[in-house]
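Below, chain A partners chain B and then partners chain C, in two separate complexes.
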Partner chain A sequence: MKLIKIDRQSLNDGIEKAKSAYRVFGPVKEKNDHEFKLLEKSEMPDLDFQNTRLSPKSIIYPQSQVMFTYSLDESKDDWRIMKEVENVKSPMAIFGVRPCDALAFPIVRRNFDTPDYQDTYWVKAYEATTFVGLACIDACGTCFCTSAGTGPFGEEGLDVLIIADGDDFYAKPITAKGESFIQTAGWTVEAESSVASKIDQLKTAAESSITSSVSTDKLKNKTILELYDAPFWEKEAFSCINCGTCTYVCPTCWCFDVQDETHGKSGIRMRNWDSCMFPLFTHHASGHNPRNVKYERLRQRFMHKLKYYVDKYDNGIQCVGCGRCIRLCPVNIDIRSICNKMNSFDAKNNVCEATSS
Partner chain B sequence: MTDYTDKIKEIAKRVLTEGKVEMVIGFRKGTLPMMNQPHYATSAESANELIWDSNCSLNLANYLTDKKGKIGIVAKGCDSRNIVTHVIENKIKRDQLYIIGVPCTGMLDHYKINSMFDSEILKVEESGDKITITGNGFSETKSKQELLAENCAVCTHRNPVEYDELAGDLVEEQKDVDQYASLTKVESMSADEKWNYFEDLLSSCIRCYACRNACPLCYCPTCFVDESRPQWVGKSQDPTDVKTFHLLRAYHCAGRCTDCGACERACPMGIKVREFTKKLNKDCLELYGWEAGLSLDERPPLDTFKTDDPDEFIK
Partner chain C sequence: MQNPYLPYPVRIDEIITETEDKSLKTFKFVFLNPADEEKFAYESGQFGELSIPGMGEIPIGIASSPMEKGFIKFTVFKTGKVTSYLHAMKVGDIMGIRGPLGKPYPWETLEGKNIIIIGGGFAFTTLRSSIISMLDPDNRSKFKDIHVIYGARSPGMLLYKDELSAWAERDDINMHITIDGTDDPDWKYLTGFVPTITEQKAPPGNEDTYAIVCGPPIMIKFTQPVLDNLGYSHDNIIMSLENRMKCGIGICGRCNIGKDFVCKDGPVFTLSQLNNMPKEY
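And then the complex of A and B:
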């Protein structure tokens, strides 16, 4: 497929032009870290980042989202009727998505957009969005995307992939959506044919700079119960404080909780991100909690990502190797060690070959 | 620090072998620079994983809550103060514990160190009071003192206050440090300025509750934010609910907080959570001459009454 060459000035001009047709989000340095923000007029993304602290999932799937409104005023005809809030999404573009985070969207889509059920809030936002990726040249020590189904130049989930080479950029359109973003941005200069091999070299170098990995090849063939009953969970969970950090910073964690909030005679029904690390996540109205102790909650998170998902969708693990949970876990629970333990667990002899990442 | 590590291992193995304790809670080396992991040893073999260096800033008293049986625990100054607090609040019995006291010279501020360098830090090594930070294309050695976590830099209780055995010689306590100097700025603000200051402080909060869950004081069976009948606080990202959580949590810690800094260390967003508790600590010191966790024999100011209480309304 053709490659477009863009110099720094045209890159900025193109982003500015795109704002007339899209709400453009991009990485911006906030306090100490980069986060995705809606770019204001003439505001440019800051591309000097390894990855943003939080993933861009909240652009499609906000942490708190109002779904319905209602009235408790009996004098009104529509009292006690849940009315869906307006859910029309204008076109959005996320500029600078890393390939790992991009892969998270098709993974999450398997949950929110099935032939039987469509989560209208997620699906409409997703469909309205063009994902403009930025290939990774400088991976973090905690990145393991190459063993989690993608890579620093991975294309799955992206509409355009942009590759930075010093002050030059190359845009590779991947989908029709991507083509139209490039057109709107006014990027028209085709790159010389020699560029393709240069990009291959950059890609190879980037891939070889990724030093950590997980082994996942044996997960599928294990039975659920042998992993569920494995002896290491309690020990692995010792340091866990059951906060929601891992789940909230994870680009592929999709769970939410529904809440009604009433103010006077009117109210809203909203959803908020929830976390399987919280005891409340499974607390029944009866008072019973099927995941009453913390190792059961920790086990759930890893079993979901590395076993239940693997079995259900037959499409790899529910993890893209971004490494955020490793970097941000307050107590150093490392998904690489746990994944390798699960993968190498020998139920017959009750041992794991892997002891560390 | 290797001296401390060796001594901790030696004590842990001994008390485990002698059957004095069923487990020893300490730290083991983490998988990232500036990160150690809370760990428990139940055998001489697992005691070999125990480690001590300047990245043990989490508070291990947090792992004691309601534990049964005999437990060994590695405790620096602040951990020991929280153990004392646990004991006087009946969360654990003193005679259940074998406290391996670690005289502490402060813990590193990983946020501060990360913000000093533009690229990722791949290795942090310490030798005496020198810290060498290495990444792709750089390596710098700095003095530990300038890299200390803010609470450690002003700590006046580096030595454990309660212990059964020490892993090293007692260290000199810091004198002439003003623990509350950083409060002057906030104290001098107008009400509106304070509001804006705290609003900005919390603007990046994701309500993961890492601050609460890393705090040894936050052991309520059901936290007020998790109550549903009645539901005191909304669960969304509404700024009022986010503020309510942080402010009420801080007040729940009044007269109990040891300024161990675990909340700040744990926060994935780098929020200066101690800004909420510090003023209350100062008030407790000024009003009641009280610092938390220094004695097993005194009741905390907010669960006792003295006739010289500074407030008139209560007399």
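And then the complex of A and C:
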């Protein structure tokens, strides 16, 4: 598909135009970090960021989401009958998604959009959204996307990829949705043919700026129980305080809890992000807890991402290498070293070839 | 697109107190919209999410049998927030049910086989459903011998007492009803723990004999070696798990054991399957 060239002014004009057809979200500076926000009229995204503190996951899958309403008023006809909240989604566009965060959506989709059940809240929001990506030129030290199924110019999960080159930008349409975003934005100038090789150079440079990696090739060959029973889990979990930060900041974590909240005679049933790091997550009414001990919960998080998901979907790991959990963990637990340990674990001799970093 | 979290509205049609300590009640529900009953077509071994607005949802095994029409039944042990509230509800009250959820017992495999049902405590609910289904005149000829070993602490703690005694009178099912102990001189069935009774009464294991085992962890722990001694292969031992759940449809991520979701890939598993899974139940 043809490459479009956009100068700084047309980029801003195009984003403004797109707001007439989409609710446009983009990164804006908040305190010391960047966060995705709905862009107000004439508000522009701030593209001077490495990555946002949180991924745009919550635009599709809010941290707290009302699913139903109900009335507890016995005089009403619909007393105690759950009513679906209106769930019609107008078109949305997320501008400035990093390729790692974009790949998280197709990963998470395998969970929310299955042949048996469709999570209508997630699926409708996802389908209404156009993902406009921004290639990374300068990676963070904790990024390992190139060994986690994507890369700084990765396209999976995106509808358009935008590449910044000084004050100029190139837009590469990837899907029909992306084409129509470009059309709505009024970006029509085709880039000269020499640009393709320039982009290749930028891409190679960006890829080589990523210095850390994980090895995942041998995860599949081991049985679940071999890895589950591996001797390193207690030691790896020793300093974990089960704060749940790693799960909340992760673009590919999807677990939720469902709660009813009543005010007077009416109420809502909502879902809230939850975390497998919390003891109550699996606690039974009887008091029994299948993952009672801290290391069992840490093991669940990494086994899910790096083994259960791998076995279930045969489509890579449930991690896009964004590095957020590494940067934000208060005790420096690092998925890269755990992944490498799992990958190199030799169950017969009960040892890992990789040593912890 | 159908919203899989939306419960069918139901009305409580009847409430039966099952046990002398009143901790177990059976709730009979009728669908407010008759068409929903067809959508709820289920098989024995599946469960539903009982939904009480303002309280939440709980996964409960379906105690009625698909051969019983016009209603569905659940037997609920009073233990926490939602179950206590449900125990205080009245006939005529409205609430919701989602389902049917999970995989049933493997009825296709079980056809033409000897079936031995082993149940303890209040985990007898989906087993009742299974017995009713198998004893139905349309179905009985599809199975060979049927044995039932069911134990409770005392006579007053047995579920479905009238049905138990009716089944005990029949000659097409071998009932072995047992209690841990009693001073009731009129007690006419067995005394002893389920594993012991299993040792004495269960037929030996072979390719054509399947055991369905549901009960508290302690009962399962001591029954399994007995079945091993009797020659049951782990492919022929079927169990049902109860992990904590929310969505019931494999999406919320709560109930996994390894790569399987108890709600969607289970709750029914063979012992062979469980042997290859982490012991997170």
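Going forward, the second predicted complex is superposed on the first by the 356 of 357 C-alpha atoms of A that agree within 3 Å, B and C clash if a C-alpha of one lies under 4 Å from a C-alpha of the other, contacts with A are read in each partner's own complex, and residues count from 1 in each chain.
Everything below uses one rule, namely that a residue touches a chain if its C-beta (ideal position, glycine included) is under 8 Å from a C-beta of that chain, and two chains touch if they have at least 3 such contacts.
Here the structure is a predicted model, which is why all the values come from computation and not from measurement.
In the three-chain model built by superposing on chain A, chain B and chain C fit together without any clash.
By the touch criterion defined above, A:242 lies against chain B but remains apart from chain C after alignment on the C-alpha atoms of chain A. Of the two partner chains, chain C is the only one that A:311 touches; chain B does not reach it. Of the two partner chains placed by the overlay, only chain B lies in contact with A:140; chain C stays clear of it.
In the superposed model, A:111 makes contact with chain C only, not with chain B. In the superposed three-chain arrangement, the CA centre of chain A forms the vertex of an angle with the CA centres of chain B and chain C, and that angle is 90 degrees when rounded to a multiple of 10.
Contacts of A:257 after superposition: both chain B and chain C are touched. Once the two complexes are laid over each other on the shared chain, residue contacts for A:81 go to chain C alone; chain B is not touched. In the superposition on chain A, no contact is made by A:208 with either chain B or chain C. Of the two partner chains, chain C is the only one that A:281 touches; chain B does not reach it.
Least inter-chain distance for chain B and chain C in the combined superposition, rounded to the nearest angstrom, is 7, based on C-alpha atoms. Chain A uses residues 257, 259 to touch chain B in one structure and chain C in the other. Interface residues of chain A, counted against chain C in their complex, comprise 67-68, 70, 72, 79-82, 84, 87, 111-112, 114, 116-120, 123-124, 223-225, 228, 254-260, 262, 267, 269, 271, 274, 276, 281-286, 288, 290-291, 296, 300, 303-304, 307-309, 311-312.
Considering their complex, residues 30-33, 35, 48, 50, 53-54, 63-64, 138, 140-142, 238-239, 241-245, 248-249, 257, 259, 261, 270, 272, 275, 278-280, 326-328, 330-334, 336-337, 356-357 of chain A touch chain B.
Those residues of chain C lying in contact with chain A across their complex are 1-7, 9, 51-57, 79-80, 83, 93-96, 217, 242-244, 246-247, 249-254, 256-259, 264, 276-281.
Taken in their complex, chain B has these residues touching chain A: 30-32, 35-40, 58, 62-63, 111, 114-115, 118-120, 122, 136, 204, 206-210, 212-214, 226, 234-238, 265-270.
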